[in-house]
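You will see chain A twice below: alongside chain B first, and alongside chain C after that.
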Partner chain A sequence: MSSSSAHTGRDKEKDLNTHIESFLAQMKRRQIKGPHDVALATAQLLLRVVSAARWTHIDQLITQIKVVGKRLQSAQPRELTCGNIVRRVLALIREEAEDTDDSESGDGASNSLLITSMFSLLQTDFDKESSRESSPGEKKDLKPYIIEGIQELIDELRNSSESIAGKSVEMIHENETILTATPNSNTVLKFLLRAAQKRKFTVLIAEVFPNDIEMAHRFAMKLSEAGIEATVITDAMVYSIMGRVGKVILGTCAVLANGGLLATAGSEMICQCANAHRTPVVVCTGIYKLSPMYPFDTESLVEVGDTGKVLNFEEGNLVEKVDVVNPLFDYVPPELVDIYITNLGGFSPSFMYRLVLDNYRQEDVKL
Partner chain B sequence: MGPKKGGQQAAGKRKGASSNAAGNDHDAEQDERLQAIVLSDSYQTRFRPLTLEKPRCLLSLCNTPLIEYTFEFLALAGVSEVIVVSCAHAEQIQEYIANSRWSSPSSPFTIETVLSPESMSVGDAMRDLDAKGLITSDFLLVSGDIVCNVPFDQVLAEHRQRRAKDKNAIMTMVLREASPLHRTRARAESAIFVLDEQTNQCLHYEEIKTRKHMKKISLEPEIFNKHTDLAIRNDFIDCHIDICSPDVPALFTENFDYNHIRKDFVHGILTSDLLGKTIFAHVVTDHYAARVRSLQTYDAVSKDVISRWTYPITPDSNLLADQTFQYQRGHIYKEDDVVLARSCRINSCTVIGARTVVDDGAVITGSVIGRRCKIGKNAKISGAYIWDDVTIGDNAVVDCAVIGDGAIIGESSHISPGAIISYNVKVGKGITVDGNKRLTRTEGDFGRDTDYEAVGTDGIGFVYEDESEVEEDDDYEEIVNSSGLIYNMASLNQSDASFTSSGEGTTARKARRRRISTASNNTAASEESDEESFMREAQASVERAMTEDHDIDIAALELGTLRMAKNAPFHEVRAATITALISRVSNLINSNTMKARQAVEHVLNRWAKLFRRQVFDLADQVDLLLLIQRDCTRRMQGSAILLHAINNLYDQDILEESAIMQWWYKEPQSKGDADMIKVGELVPRWLEWLTTAEEESEDDDDE
Partner chain C sequence: MSMNARDDLLDKRVSLFKHLDGTRRSGTADASKDIHPAILSLTLQIASYTVIGSSARCMATLRAFQEVIKDYRTPAGTTLSRNLTNHLSKQIDFLKTARPLSVTMGNSIRWLKQEISIVSIDVSDQHARDSLIEKIDTFIRDKIEVADRVIVQTASPQISNGDVVLTFARSQVIEQIFLEAHSRGTQFSVVVVDSRPFYEGKELVRRLSNAGLKCEYVLISGLSYVMSDATTVFLGAHAVMSNGQLYSRVGTALVAMSAKRKNVPVIVCCESLKFSKEVQLDSVTFNELGCPDDLVNISSESTPKPGPLKDWRTKPNLKLLNILFDLTPPEYIKKIVTEVGSLPPSSVPVILREYERI
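Now for the complex of A and B:
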């Protein structure tokens, strides 16, 4: 290899590191926020990482991605989609690698794979790596396939809310009253707007004090511009109005492996009200929000936001004397959700674990 | 790379989750690069003795250096170019920035440090910047100790709109609304803003001096004619975040008596009829903006950061790469590798750094604890700010105090609210440190030994006494009057707004004898005559001040103005002052009105204060002594005048013992010149007295 190309390689690495650093800083500063933006930015960043990476064995790439993924995840551990995308990419790489293994060593490979995965319960990573190393080195260049896979993932991210919206007509009936409490969800907005092309219905929007009030008002504006009858209600009215509501439609920040979800603070209260009235709760989510994590400690998943939104900072007296907490999310347990509408179709909460297995590899759950 | 990214971030910031990927759309501001000037020096001494070793902006606030918060804010504001102006501890600041992520290619802005060692106030720094010609467009002026999360695009857009309409709208001040007794407002420094309700134009600015019990302010009647709706407000947190046009530094250069950005500049511009410039305010009603300008605000801002008013700039954002804070219910932030004993109790609003060990039965409430600290058994810590590597002994009680890096608090000792324990001080067993005490190990200007009374027989350190305390006793009342969140903490805020006091730290002083770097294109010949004329005028100015009995401040200002105008070094200022003062003394003696001693005291007691603004370090003091000596050779009774002058200046703390020693024993001039020796004939006896007095007092101490 000539020295000049080695030089550009180092430059590339430096450049990549710059990208990662500025991604981390923007995550911390919340300049990139919201599951969709974070997922997209993560995927684009990983695309760069993969295209810059050089490896002789696929495990090296996986370790590289894992190292980067861990850094990305730690910038904002409560933004689960970032980790989801990293795991999706890892699963994709593993799949490509196994495909080539399969084609090379025929039927025996899948068998041996099964065995190694059984053994790997007791094996350390190092052993596994060395055992893999001994397997015939790959001849096929996987890079284009992996890059193509990530491109597909990015396309999926871009189109997920569209394909969810496609299912709206089946979910919303004529003259139905819908309640929503997640005005920050673009997915829900598109879902309702698409339905409005075919159906006539009413939407009630809980304004979810304190974080999303302005958003709720804008949300209502957009709906009414599209000819939907939209009403903003206070959070306190949710229970009393629930009797008239036909369906609760929620967006979400993250869906967990047990079928529970994290959504805008106030969502749990609404779901409990819906449950009391036996009103169905529909959650619209892209599959990229599905996380392989279990909510063992729900508190550690909930981001705590700007105190100033709850209590005005001007109130000098109160500021000194009161402890104010402003959680941004609620954890909604699976039993309060009736159905998830995803870009892959509708699923019941109890089926979420299966989707997790389809999308992620067990060995990547812990980054 | 840097500037481009800055623009992208500005475009992508503060958008709802609904918007698409950050940086897709192009705001107007992307076209215009935004410069920011960070004044890393505070030109105050309120954090002493902590700032004797470290500049204020590198002090840790919730385990992160203060300047990081400022840079975070600038990154959020979409700034593309940052210029850090440093004066005291400049090398530390430079080193910090060079090693920080802000100088890496991933930084959202380019960063540059500018040394301005001569500057003693914001005004000086601005004049220096103007002379260096670094400012090209409208810029953001902040100090290195602000904490702020105000989204800036709107403020900027409004400012630019106004500028486009009216070139004379030179400045926009960002003010955060707050109740008058808000904890985050600095108690000692508050001001009245008179604003036009409709346009937010600032019409009048008046600093409130609490000690004078100000009951009225006077407004120009014109204001009422021109503006229909006025708001007279005293409910702002003014953290000195200003958007300035390039006119601002130029105006500072034109008016070289402007030092303070608010008291002098804003007040001056608004009261001046000639300039016709206007200043606007941008009142922020949500989000957070504050400045750490005193210990009281240090306490308040720390609390605000912990209770997440500053979101997303909170400890768990882990601003520094190696931080690993995690948030827990009740505003508790813990890093990895914190060892907590089973029976210890961590109450709400607490920050604990990595590798800190908290032993059995210890109770920590509302405190910030740095890294690698050891908290002993049954220790009680509440409302305290404990920095890195501190050891707190068993059963010790620390209450609302600041404890610097590496300090050791002995077993069962008690640190009362408001105390400051500086770096590496060791407080012995069972000692009670009073709330008004500041303990330090850094000598500063005076070499001192351990004060065993204060720190115990097994301790190391002594009580720090603020030099500025002596010169500004009139502020004392203010201190007493300002009731704070923690009374004592607040009482430590020496209001030191006057520009006379030195910058933070001694390094600043050493370099200050260099000429102020304003461009001077004089030829050597004209400079010569400039010097002469300066001497003449300066002498005349001091003499006039004495005969007409001017205020000392006015005299000093006049001298300062002359110095700036003629671009004269401090040496000449000193020479002129000395000549004027000694000729006055000798006149008094020659006219037989007073004896030598009386005359010297009469003149120097009142006028020696002028030297405080002319003499900064040891070399200056020696220079001053030589000047006096030289001058005395020309006078009748010169040796007596010299002796009494030295004695008097020593008593007034203008001369230090070491300077006198150096002058007498080391300066070659004092040996070669016969006149000089003759005039110094009385000095050895005085020196003898000085050394014996010193020894005696040391003996006293030992007993």
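Now for the complex of A and C:
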């Protein structure tokens, strides 16, 4: 009886390991890509990890998630959302654990917490962890609560672009000209389509050649089918037309704690251009893309892609002699962004660090 | 009525640019017999962008005018100084159906007409023709060829060892500056930023790398990535407006703006023939429309690959916009190098006035 249960336990672990391995492989091969899909896949995988996990103390679960999270993130270090979701789950577990700690120890504990709060400033994290370890073992099973929490997170991921779209009418007025340069963003597409139900406006779409051009053309098709006047322009034309643009609306791959962001290549020059013309820049993003990282080294955040798309290999002679560069992303500093529209509402870039503190725990920033 | 509404939906002109004429000549079947064959062939070459670039178009036009003048015979009852101008105007009107005249073409036509008008009625036709042809030769030599050489001599020493110079698209004079600096033994590398649909920078990078220069090639979407390495930006011009605005290949303004933000000096190199008396404030009021169908291609290969927009003309609400030029404000430009010296953009009208008298 006992041996068979140990056997199924090992089976479960093996099963989980294959799931993790397949996730890692898919990340590396870019079969899962784009912040939304990566976030969703990470959350679903962590749900499995938590379901399969066994722990006697909550710290064991946290360590376990951290170990898995580190592996997941290193599969594709530039997909910051993967790490974000891991940190969100960790924060969730910690919160559940603290809630039960509080309710178990009752009012007396919170009183003593008040008294010692000044003293605890001087305590290190290590002391806190060890003190918790020495506290009596857990009585309440946290698993269902944590699983419920992750499921709520998954729901949030699924609904985030819908709730962002809900704010579109407040952002776009009748007869406005909008410029967008992130055709890979589903969030922006939904945002514009929702606004089109109530407003009539024109959208200029920068083609983002060579990496996203096909997507840009499809993006324009979808807008025009919804009755929005869509005009495709080349990337070079942005400056000449910016004076006639009411707002620039961009999607993003990741938002950083300083309020800066990573988006498709060309975004920085477009935001600079908007800034030069005093045109507001609106960035639509789900809160799951907000990363607790600071961009100390912006160059390492930018990934470079296939140079064959820039200079075709037919031109072999030229390719041999010339360095060809095809950056995939741009880092846009916070001073070029006017407002972030998130599923939690609109925020100015200078406020983003607060949202980081709300969503993540300081001790999880480094996985 | 419903027909009208449908036409509106399928009107493929972008409303902001409806004042510009985007039609291009594709053949010469309807040409009048007065049009000289040299003009016919030049018109087609310009329309197909085989002859491209402000100086190149200007030179080719002047050369064609030499042919026109050579074959010109003054009809009875009139004089050369009166009739040749008329005859040339017809050629020019035809040339305009290919593309709007460049500022250099406009300036040199104005000069040529002035020269024709002062031809004395006493000289023989043959003599007048010969002297006009010779004057055109001198004009090309002074205003373009020698001017370019002077600009190259002034600008190339401004590249020093270890520099990373950045340029956009292709300008002949910029190319000569880089080659000259290279032949002087300066160790530097060039970043060529390019854009669709002309890919003019590709030709520049080919010529520079063949000469042994170290080159980097990037499309304009990757501009921010390369701008941080640049030490100087060299730009060519189509024209410089009298209020100091630089009118050049679309994308130039982005490059200049980006450079200014990163504190990289922007140097514009052009002949004073490109200075225009006109003033202009934005790129919308005056510009040139390219063929929107050029943007349907989604591949960088030599054989075009039409993407999802191949049937865009039948789809309502969908437009493609292809304009050829943009306007760079003078505050992004550190100096303009011309054959009459280096000057700030604010001095363009000064030069125009000084040289008007000569």
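The rule is short, and it goes like this: the second predicted complex is superposed on the first by the 343 of 367 C-alpha atoms of A that agree within 3 Å, B and C clash if a C-alpha of one lies under 4 Å from a C-alpha of the other, contacts with A are read in each partner's own complex, and residues count from 1 in each chain.
Basically, a contact is a pair of C-beta atoms (placed from the backbone, for glycine too) under 8 Å apart; a residue touches a chain by one contact, two chains touch by 3 or more.
Worth saying up front: this structure is predicted, and the values here are computed from it rather than measured.
Superposed on chain A, are chain B and chain C clashing or fitting side by side?
Overlaying the two complexes on chain A (C-alpha atoms) leaves chain C and chain B fitting together cleanly.
What is the contact status of A:Glu207 with respect to chain B (first) and chain C (second): first, second, both, or neither?
Only chain C; A:Glu207 stays clear of chain B.
Looking at the overlay, what does A:Thr63 touch: chain B (first), chain C (second), both, or neither?
In the superposition, A:Thr63 touches no partner, neither chain B nor chain C.
Just chain B (first), just chain C (second), both, or neither: which does A:Asn312 touch?
A:Asn312 sits against chain B and chain C alike.
Touch test for A:Tyr239: chain B only (first), chain C only (second), both, or neither?
second
Does chain B (first) or chain C (second) touch A:Arg30, or do both, or does neither?
first
One more residue to check, A:Ser163. First (chain B), second (chain C), both or neither?
A:Ser163 contacts neither chain B nor chain C.
Using the superposition on chain A described above, determine whether A:His217 touches chain B (first), chain C (second), both, or neither.
second
What is the contact status of A:Lys14 with respect to chain B (first) and chain C (second): first, second, both, or neither?
first
Scan A:Ser22 for contacts with chain B and chain C and give back first, second, both or neither.
first
In the superposed model, how near does chain B get to chain C, counting Cα atoms only, in Å?
8
State which residues of chain A lie in both footprints, the one left by chain B and the one left by chain C.
299, 304, 308-309, 312, 314-315, 323-326
Can you list the residues on chain A that touch chain B in the complex?
Residues 14-15, 17-22, 25-26, 28-37, 40-41, 44, 74-75, 77, 184-186, 189, 215, 299-300, 304-309, 312-317, 319-320, 323-326.
What residues of chain A sit close enough to touch chain C in their complex?
204, 207-211, 213-214, 217-218, 220-221, 223-225, 227-241, 243-244, 264-266, 268-269, 272-273, 276, 299, 302, 304, 308-312, 314-315, 318, 321-327, 330-331
So in the complex, the part of chain B that touches chain A is made up of which residues?
Per the touch definition, chain B meets chain A at residues 1, 5, 9, 12-13, 16-22, 72, 75-76, 101, 104-106, 108, 149, 176-185, 235, 285-288, 304, 307-309, 311-312, 317-319, 324, 326-331, 348-349, 485.
Which residues of chain C touch chain A in the complex?
14, 16, 195-197, 202, 205-206, 209-210, 214-226, 228, 249-251, 253-254, 257-258, 261, 282-284, 287, 295, 298-302, 307-309, 315-323, 325-327
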